[in-house]
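In what comes next, chain A is part of two complexes: it sits with chain B in the first one and with chain C in the second one.
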Partner chain A sequence: MDIAYPVGLVVVAASIVIGFTALVREKDDLHRILLTDLAEILALVLIALVATDLAEALILPGLVVGISELMAVSEVYIAKEGLRAPTGPLFRIEVMDSAPGILALILVAYGIVLSGFTGGAIAAVGAVFYFMCRGHTEQFELIETVSGYAWAFWIGAFFIFMFLPAYWFFGVMIAGGAILIKVMAKMSLVGTMRRGGPDV
Partner chain B sequence: MFDLPTANIGGPDLFVLEFGDIVAYFSPYTAALFVFALIFTVLVIVSRPERQVDIAFGGDAYYTKVVDPDLLRFQRFMAIACGLATLGAVVTGDVFNFTLFASMVGITNIGIVAAYRNRHVLNAAFQYGIVAMLATVPLFGGAAIVLAGTGTLSMWELFGGAMAVPLIAKAFLVLGVMGEGMAPFYIAKAEITRAQGAPFILMVHVSSLLLFLRVTEIVISM
Partner chain C sequence: MMPEFVLGCIILIIGVIAAGFPRPMTYLGRLISLEIPAFGLLLIMLAYDEMLALLTFIGVTAISTFVLVRAIERKEAAE
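== the complex of A and B ==
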């Protein structure tokens, strides 16, 4: 707790004054939502200034609470303004016809090389892109089943860590592969949420 | 570790539940608040909602409004969640957990009010939501300054009197709870209470009352 903490506090205080002044002056409701989101970051900065492990652990719940409040207020805003998803022709550009195959292949392959959670996320981006561009006629029960088995393998890998620590490498491989498949399966469902799909 | 300074308004501890270094407890004071919140949560679970009556002006006619069951179900869920968050805020023994429960009360209050498709009520809920989001700054800021000033968040350590909690942290904590859990006190309360569903709307008031009493106890004892 040296000079950095008081200086940081002064900076945060100045930011709070600026942010709240902007909020008072702003009249547009949508802009006010965005400004409150900015102001919430300052609460996280105040926690982060403490700069201990405990403070680090406190940031995540603070962030989650902030995001959930933002979502609740946004929902109220949508209901208040009576906004609806626009209906019209689907968005189409040429690259969406030519690129998905090769891009999805590269991303999925690279994701498998990375493996684990990060790999799952990257492979999922490829799958999301493919589904968004090409549409989807797959059976979702299949994806969900695969995801469920992957989850069971992941848990099994943790039992290996606990009961048979000598086989840790085997456990790492199972966990890495399973979490890759699980994250990818879950996230690829996002790609099918595009409007106009059969089950949106 | 487990004797709360009896000089404080909380009284002696009756029951202690230890999760690592987070210690939830009952004192006579918080036990009374807990029972009060529990009664209202049970009331919300078992009660059937009222139907609002509108009287046609200039005549004897009146009609009851139709209540959408889906919205009502959502409102009841939010009211129960609000009751549980209040219970948590009352029994917790950790300042940061208290602030988290307070902001959970804020979210569920928005949900209770917003489950009604009336432009005025939605406007009021929106204003409340903005204030509740802004209140997280002093709320978490207060907890962070407590942590920075004393090195702990446990009420067991803070209530002892050996720790000097900065005045600004106490002020921030009170300000945050005022914005988060007690917004109906000053934002368009009339508009908010126009929303339907008598037992569920009550939960907004119960939670704000209990949060007020609890934060008073915490700030005085620190």
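== the complex of A and C ==
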């Protein structure tokens, strides 16, 4: 057997001890949320050490659960502390004025090439960055509708797998494209949290 | 053992110490230090050819940074 796995386990065990020591000694809540992110990374290392397709299949839902947990916890923190959006002028970062167009274009194009859940996440980063930098005036009902239809197409692709297995490639293409649109539409809503919306 | 695996383990340990006990104890400092163990994780994934997981992790990390920066921004504005 390869020596890498036990070595990796020892490294992760040491990291977990260090990380959780820091978490226990920490008193500030926001610092604790940041350390939760660190704990998530350590858990992912533990899964990645499995080093098969099973690891990839476990890491993807782990990432989804991690990001949604982080969003929920940070929302709860903001509500609990009664924090409001900063009233003064937002600080100016030059790259946020010059880069959004080209960077969003590159990320979305690359995401479409990747397709599937991964492509959706990459394209969503582009969309989030654009919304954060330029603000947004879109109608979110439209995005929600598109996302709903994409989900229906995704389910339809699974029916193709079940009833018409000869057309599996068609089904793969529909599923990949639909989940791309679905993930991108949902995650791009994150970009609207910073400014502009009526409820934030 | 592959060199990227060894490098990933070393960076992981260094990063956990850096993120666990950052020297100026600020929110942004700790957030930036969090990128170091993430890079170690990326190298370990690279050593095992887990491409999908690697790319998705990059994307999701970028989004989680947005979420955390939003909380930090409000916290620092309130102080």
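Everything below uses one rule, namely that the second predicted complex is superposed on the first by the 108 of 200 C-alpha atoms of A that agree within 3 Å, B and C clash if a C-alpha of one lies under 4 Å from a C-alpha of the other, contacts with A are read in each partner's own complex, and residues count from 1 in each chain.
Keep this in mind: a residue touches a chain if its C-beta (ideal position, glycine included) is under 8 Å from a C-beta of that chain, and two chains touch if they have at least 3 such contacts.
None of these values were measured; they are calculated from a predicted model.
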item: Touched partner set for A:146, first chain B, second chain C, both or neither; value: neither
item: Chain B versus chain C as contact partner of A:99, first or second or both or neither; value: neither
item: A:80 touches, of chain B and chain C: first, second, both or neither?; value: first
item: Touched partner set for A:70, first chain B, second chain C, both or neither; value: both
item: Chain B versus chain C as contact partner of A:43, first or second or both or neither; value: first
item: Chain B or chain C, by number of chain A residues touched; value: C
item: Which of chain B and chain C A:21 touches, first, second, both or neither; value: second
item: First (chain B), second (chain C), both or neither touched by A:54; value: first
item: Partner chain in contact with A:33 - chain B first, chain C second, else both or neither; value: both
item: Chain B/chain C common contact set on chain A; value: 12, 23, 33, 37, 42, 44, 49, 55, 66, 70, 77
item: Sites on chain B touched by chain A in the complex; value: 96, 100, 103-104, 106-107, 110-111, 114, 117, 119, 122-123, 125-126, 129-130, 132-134, 136-137, 139-141, 143-145, 147-148, 153
item: Touching residues on chain C, where the partner in the complex is chain A; value: 1-2, 5, 9, 12-13, 16-17, 19-21, 25, 27, 30-31, 34, 37-38, 40-41, 44-45, 47-48, 50, 52-53, 55-60, 62-64, 66-68, 70-75, 77-78
item: Of all residues in chain A, those that touch chain B in their complex; value: 1, 5, 12, 16, 20, 23, 29, 32-33, 36-37, 39-40, 42-44, 46-47, 49-50, 52, 54-55, 58, 61-62, 65-66, 68-70, 72-73, 75-77, 79-80
item: Residue ranges of chain A touching chain C (in the complex, touch as defined); value: 2-4, 7-8, 11-12, 14-15, 18-19, 21-23, 30-31, 33-35, 37-38, 41-42, 44-45, 48-49, 51, 55-56, 59-60, 63-64, 66-67, 70-71, 74, 77-78, 81, 83-88, 114, 116-118, 121-122, 124-125, 128, 132, 187, 190-191, 193-194
